[in-house]
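Labels run A, B and C following the written order; every chain starts at residue 1.
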Amino acid sequence: MSIEFVTALLGVLATVAFAVTGVLAVAEKRVDFFSAIILGVITAVGGGTIRDLVMDVPVFWSQDLLLIRVALLSSVITFVALSFFSKPQIHKSFLYIDGLGAALFGMSGAMKAYEFGFAWPLGLLVMGVVTAIGGGLMRDILTGRKTLLMSDEVYAVPVVIGIVIMGVMFKFFPAYDSEALVVGTVVAFALRSAAIYWNLSLPPWFTTQKK
Amino acid sequence: MSIEFVTALLGVLATVAFAVTGVLAVAEKRVDFFSAIILGVITAVGGGTIRDLVMDVPVFWSQDLLLIRVALLSSVITFVALSFFSKPQIHKSFLYIDGLGAALFGMSGAMKAYEFGFAWPLGLLVMGVVTAIGGGLMRDILTGRKTLLMSDEVYAVPVVIGIVIMGVMFKFFPAYDSEALVVGTVVAFALRSAAIYWNLSLPPWFTTQKK
Amino acid sequence: MSIEFVTALLGVLATVAFAVTGVLAVAEKRVDFFSAIILGVITAVGGGTIRDLVMDVPVFWSQDLLLIRVALLSSVITFVALSFFSKPQIHKSFLYIDGLGAALFGMSGAMKAYEFGFAWPLGLLVMGVVTAIGGGLMRDILTGRKTLLMSDEVYAVPVVIGIVIMGVMFKFFPAYDSEALVVGTVVAFALRSAAIYWNLSLPPWFTTQKK
């Protein structure tokens, strides 16, 4: 598999995942079709847009409308299919899909920073985290939810670990860049899934509430 | 009327409208003069700023301070005249003025995207919506209100319809571009005004709360 | 002292100050290490990032990782030392440090706008205010606090006065630019500190609640 293909595929998957979470976030509120679709699209392209603005490269969806189309279509399908979701399922699937999107976007953001010669490893880490959480933060802010940074869930940690592993592989095994992308994504998503499944929380010494 | 003149005039009107809503949003809270003015200015120039950042053109108010001056002046006048507004009037006028600003900014954003060769019609629609709601979303987020995307009002729909009509006119009657701008704006504002006046809400099948 | 040195020093101090407030903002909530660090870094570099995006210059931390490193280190130290802060002290120190950061960033933002030939005085004022409050607004929005624009505290006024004094000195005593930077910062921080210390509030005619 070429690195271009893997990157493109990850981008499409992450876009679908985040668009779905954007619409699911308003599933239990009375929001009209267009607002739900706008939320889905903002959630899907928000992180990558911040990444591109900061990197001073053309915003990815200004050149190629593929991912905007994917985000629109995913949002519409999610809206139409909302009645098939029962509430507990919505909540659970929402968490996993959001975790997958964050893992995928985190790796693709760090990858893009690496390609553009950002400093290793700090530049990759910052751009990966921005890309991973930017869209989700916009979703949470726009819908009035507690932002994902404020929950005590194991959310940012898996993405950070995935990026570090991928970054180390980039550095020491540069010939295996698409493998590194896949490994980083799988690690980040596996850790996040484990945290959701077993309802893991971080040890008290690892949070601001140490008392 | 030349298209430049119509665009400029719409830009000034939209700036006044949004600056007013930014200050009115804190009319019933205890906010100092400078904070109120900053809110007015952010609301007025926020949507266009996001549009220009995404389009990678110089931010409109970095080259020409006219619209910043208009936003500042409108905010100051609104602040000074606040005591003349009684509360129900504030609320009603706020809704209409906000609708006018959204219609004006939506069309001017889509127009700018069209001039810069964005894809028709999706690129125009995305940039028009971003410009129309960007400043209002910033206002709602900064003042802690429920964002306009979360209300069950007929808000985004009129702007989308106006942009679609304008975009179709651009495509098939390119000689009438300033007329298209005016028609799109009038349609969007008329639909929004009708929704406010008759207190229209969207049919249940058109919202996320279908049950 | 050269102006480059003074600007760099102010930048480091402001970065430390805002990073600390970003972590302190979640001191009483249960937030994990990585989320706290991300908040600290966003608070520290957020205002300058918006400034650079709007000015269309490379984002300051994409070229030189010094301030990102300073933000990271300050955030980590604040996190580790959180248990040494008792609650009333946290609150008080938070207010002063935040005021110092706003003063420092306000002046450095206006300075950068001046160097890049923005219009005097309005361009300097807008960019200074954006830089001063951008990071703090992001912090407040992400942590779900009432944004600093919505409090009735004397917050924006000192920064505005400091920038005006500095701008006047730039204009009429251009040889003393580093002195102007220091004077503007000292004035802004002194006014803010006085407001915190004596619990000053703005006169009613200066707020939206005139009744």
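Points to keep in mind about this one:
The rule is simple: a residue touches a chain if its C-beta (ideal position, glycine included) is under 8 Å from a C-beta of that chain, and two chains touch if they have at least 3 such contacts.
Every value quoted in this text rests on a predicted model; they were computed, and no experiment measured them.
Listed by label, the chains touching chain B and chain C alike are A.
Judged by shared residue numbers over all numbers used at their interface, chain A and chain C contact each other through mostly different positions, with under half in common. One copy, chain A, sits rotated relative to the other, chain B; on C-alpha atoms the angle is 120 degrees to the nearest 5.
Averaged C-alpha coordinates give centres for chain A and chain C that are 30 Å from one another.
For chain C, residues that reach two or more other chains under the stated contact definition are 53, 141. Against chain C, in their complex, chain A makes its touches with residues 53-56, 118-119, 122-123, 126, 129, 133, 137, 141, 146-147, 149-150, 152, 154-157, 160, 202, 206-211. Looking at the complex, you find that chain A touches chain B at residues 23, 26-36, 38-39, 41, 49, 53, 58-59, 61-62, 65, 68-69, 72, 79, 82-83, 141-144.
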